Amino acid sequence: MSDIYVPKPAELGYTFGGREPVRDLGPGEVRTVYTEDCFGGAVKTIDDLPTRVCQMPYLNPVTGPFYIDGAEPGDTLAVHFLDITPARDWGVSSTFPHFGALTSTHTTATLQPPLDEQVWMYPIDAAAGTVRFQARESDHTVDLPLEPMHGTVGVAPAGWQAISTITCDVHGGNLDTPELRAGTTLYLPVFVHGAMLALGDGHARQGQGEVSGVAVETAMHTTITVEVIKGASTPTPRLETSDGLLSIGCARPLEDAFRISQHDLVQWVSELTGLATLDAYQLVAQAGTAPVGNVCDPNYTMLARMPKALLRGAAAYEGAHERLRATPRPVSEVGVR
Amino acid sequence: MSDIYVPKPAELGYTFGGREPVRDLGPGEVRTVYTEDCFGGAVKTIDDLPTRVCQMPYLNPVTGPFYIDGAEPGDTLAVHFLDITPARDWGVSSTFPHFGALTSTHTTATLQPPLDEQVWMYPIDAAAGTVRFQARESDHTVDLPLEPMHGTVGVAPAGWQAISTITCDVHGGNLDTPELRAGTTLYLPVFVHGAMLALGDGHARQGQGEVSGVAVETAMHTTITVEVIKGASTPTPRLETSDGLLSIGCARPLEDAFRISQHDLVQWVSELTGLATLDAYQLVAQAGTAPVGNVCDPNYTMLARMPKALLRGAAAYEGAHERLRATPRPVSEVGVR
Amino acid sequence: MSDIYVPKPAELGYTFGGREPVRDLGPGEVRTVYTEDCFGGAVKTIDDLPTRVCQMPYLNPVTGPFYIDGAEPGDTLAVHFLDITPARDWGVSSTFPHFGALTSTHTTATLQPPLDEQVWMYPIDAAAGTVRFQARESDHTVDLPLEPMHGTVGVAPAGWQAISTITCDVHGGNLDTPELRAGTTLYLPVFVHGAMLALGDGHARQGQGEVSGVAVETAMHTTITVEVIKGASTPTPRLETSDGLLSIGCARPLEDAFRISQHDLVQWVSELTGLATLDAYQLVAQAGTAPVGNVCDPNYTMLARMPKALLRGAAAYEGAHERLRATPRPVSEVGVR
Amino acid sequence: MSDIYVPKPAELGYTFGGREPVRDLGPGEVRTVYTEDCFGGAVKTIDDLPTRVCQMPYLNPVTGPFYIDGAEPGDTLAVHFLDITPARDWGVSSTFPHFGALTSTHTTATLQPPLDEQVWMYPIDAAAGTVRFQARESDHTVDLPLEPMHGTVGVAPAGWQAISTITCDVHGGNLDTPELRAGTTLYLPVFVHGAMLALGDGHARQGQGEVSGVAVETAMHTTITVEVIKGASTPTPRLETSDGLLSIGCARPLEDAFRISQHDLVQWVSELTGLATLDAYQLVAQAGTAPVGNVCDPNYTMLARMPKALLRGAAAYEGAHERLRATPRPVSEVGVR
């Protein structure tokens, strides 16, 4: 475990953009990093109400940015997640005043008092592959599948911007989609030299929509490797898995997030297959799915997914995903799973 | 097949509400009906552009309404789909001017010309269980799974309203969700004596979101049976399958459809399990999924789904789904599958 | 006052469409009618909470429908408001659970309890031209201008629909815009023989947006006259005043109501002036205003307004507004003001 | 004119936050500055298509930031506009691909080609107080009132963010409301030491909604003075004029911009008058207006306005507006018109 990069508190970031790199990362290198949870680890018991133990804007810290050797504006950065493993045997969730889809918020502003703030602790059993929900007001307890993912992965945005890690957009960021799990490749556009990749906000699991605003938050040991695809344009974040291509739309209102994701998938399918635009639209309409990411953050996320089996062998980004998933992993790399 | 109810053209309906019943249907009866496709069967080749061969408002005809014996305002009607089988060996899809999520529409009004209107024919191979996509502008052909469903099922709405079959709302209607397949029970609130159930708009399959506005449309032979749950309230349409409970939200914008569906699921889970509201909210947030219905109709649909396995044995509507799915089916009922 | 049509309780309507006419009305006739307030007159003191004294769906009654002689599908009905005068010396407003822009609603569903239900009484001083706001919890009292208007005016919709009087759409209905005052002509498309005009929901005044969901509601004596413009198409409700043309967009989300109104105004200005579409777009962009109607009803309303002075003499609907406002009024017609 | 600060090209800013101050500005000082138009002055004829002569992200340059002496996080900055005078005798507008409310955009993504890009030149006649619209495709010409305003005024945002000058939010920024004219005081929250005030994007005039995405853009000579209100919180940008208080909501969708503005106005009125929250809600609902800002930028703006006459003498921010508008202006300050 000696190679794991564990950021010092002062190295944690709260924006994408506007920061100096903490390390270099070369294409093909395999790197394991530690990421803190969205509360910076400050919520440890049901009595640690987030609004008391956390302080704005010290929320949703990210590890990085990593300067990616050779990445230049106009390229695409492919980030492959070889492994995402909880670094603790517990996760935590909560309600948070004026945050979440079933409460009034600072933007969907109402005159009612907010919902009560409350914390739930989730024991994680890595061997069993479960996280345990324990009701606060009754004895209802159920085990849910442990499905680790990262909520927040991104690069520095365009136009000298520095954007809060709570927001997502074309640079990635707080995507909060359960599709961003181990075995997946995330494609991001590069806007600045070195791309400036950072990640955090690990979730032991998350429902589609993250309706309460907070997932099962936990620290992670995460192993990534990257590739730079020179001159390849990526209009919005994309994912590739063993059997699917996914476009991610980040926007409000939710139908715009849907439109962005579907529009990009239609264009992407058209480029990969040579299908005319309306033919690709038709194929996506009948064969596509639309996994919901988050409906709680400053920008929502919707995903549009096409099974790779329907693309008749076309390979995205010149086969980057297949190369990356075949990356040899150091024997002792994590060793905790 | 002598028992199949095939509506005469004059019996087809274009509204929920405002119409006399075409037949009675008693709880426990098994009834097979024929439903026309959304174009009234008028689009038969790629040269039959819908705007030429169809005439407003003769779109999306429904079969019914059926007067459900014993259904009264305040009850819930459970409609179980024993079988949904295409009545043809072809389906059809199209673009339609100012309709669909990736075009400007009459409400998302822009000054650009609409997308071209174009038709796609889909051969259906019932034996192989496939529908075939054939590109218009290239030789790309792929087989997609045949997954028959009904886009439109509803009852007469409240308040003496008569609502177009193109719209959905708490009375059901044009829900356009691929989750409404055989083996599923749909729960609808009853607003008028006899409920006035009608259905149509069969899809050989549909992607999540129905992004182009039109699915693989086809006529259906559909076998249903119903139960009236006296005095049970249903705030928004709900589905039950062998392993899940789903709440359906019908609204614009899309986040409101999401909110309605998640809000109803939280309340439903809370009632069934005795979980406190915030505990149910938490469980839904971590364990729920959010299958997208349509993002093209006058009201969009989002679904919120909870696995029944997490409810520790609680049975919705006093076990109606289990009773209905066990309904004995007449031997010769359809016989075409 | 003998000529005033006062509907009997059983004659009041709660839908546009689906009803028989109560009277005929010929083009050029001047007719004074009585309209009830949105609560059917049942809220008379601050102790009459609407949810206790009113019963769904007996809300927002309209007077009519009037069968307009000569109106046929495809025509436009011009309704001119010669006078709108409160029929009482008091109006009433309230909060209403799950209704209004600053509370959670049945569609913007949250898990919080709704805002408290509370009633405000407004003395109307017709001579002074004021309505008086009196705070409930303090001694703050201010006089606001009496600016009578109708919230709800519409015709039978297309496609055999019957739509609640709480909703607005292309057929008019619950537009809830303060621009619909005396001296104004409302243009509505005709969908059925006789058009079936109905009106109600008088407001002694209303702020833009009707943010709390309820205006200063009162019964009205309203004098109208109508003209049928044969073969003239009206894509969405429009208003004409002495100095402006206004298009009304009815939709959710609010940006779609905005888009519809602006889109229609661009097209209307282009037709009237011969400006190319992009030129008309440009002129509307720099010279137009966007008066907000309601942001609380099932469909919101936004208006787009162009000063007539910029149209270089072009007359809408062949000068219908000028003809209608010049209609001679019977001497004793109302006589109460 | 020696006192006018004219930024060198390298001093222009494209973000709020992330930049060093260009000058100090003390409370009570009167400062005249030059601001470039949103195209950086590059669009000078109808042949200068913005996408050809401008380069992302060099759009919407701002002058500043100015370090405001004494401004600290938690304070409110009051910026009073003593004068806004076009620095040229012409303005310019255009359509811009994928920008504006009546076209598809990068977020409201459709598969149609964008609207044509086209430029309009507007002669400004300062003596007559007009800007002249000249149609491109016909001879239609009309004079519109010259009503100079600033589209973009803001401070550095919270949380180390640097936000594009094309966006608005609680820090101000690209508000694009015609209410921001001379004689008005803008209140902004202070997030960093010195506040870091910057401004630009002058409009010779603008319609409500800025529906085409671009106003009558021109360079400005603008004279401001500021006051720091210690310890005063400002949840969202606010305006004060001689007769009204206005709260500005910045968000998508548009109803959230509306909600934020109305919610803030209700709270503000309640604080100033001692009215209970529901009483203030009621007063705003009946007496308020809702001037539309922009419905085209990354965040839309809606304003909520209350006449000061209804507040029975309550003074906002301890009378800052009255003090600021009484600021003596240097005799020769502008003198260029």
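Couple of notes before you dig in:
Here the chain labels run A, B, C and D in written order, and each chain numbers its own residues starting at 1.
Definition applied: contacts are C-beta pairs under 8 Å (C-beta built on N, C-alpha and C of every residue); 3 or more make two chains touch, one makes a residue touch a chain.
Predicted model only: the values in this text are computed from it and were never measured.
Comparing the CA-atom centres of all chains against that of chain C, the greatest distance is found for A. Should one ask which of A-B and B-D has more C-beta pairs in contact, the pair is A-B.
Averaged Cα coordinates give chain A a centre that lies 35 Å from the centre of chain D.
In this assembly, the C-alpha centroid of chain A lies 33 Å from the C-alpha centroid of chain B.
Averaging C-alpha coordinates per chain places the centre of chain B 48 Å away from that of chain D. Annotation for chain A: residues 102, 108-111, 115, 252-253, 259, 262-263, 266, 278, 281 touch two or more other chains.
The part of chain B that touches chain D in the complex is made up of residues 102-104, 108-115, 253.
Partner chain B is touched in their complex by these residues of chain C: 14-15, 17-18, 56-57, 106-111, 158-164, 249, 251-253, 256, 259-260, 262-264, 266, 277-278, 281. Contact residues of chain A toward chain B in the complex are 93, 95, 101-102, 115-116, 118, 120, 122, 131, 133, 135-138, 140, 142, 144, 205-216, 252-255, 258-259, 262-263, 266, 273-276, 278-279, 281-290, 292, 295, 300, 302, 304, 310, 312.
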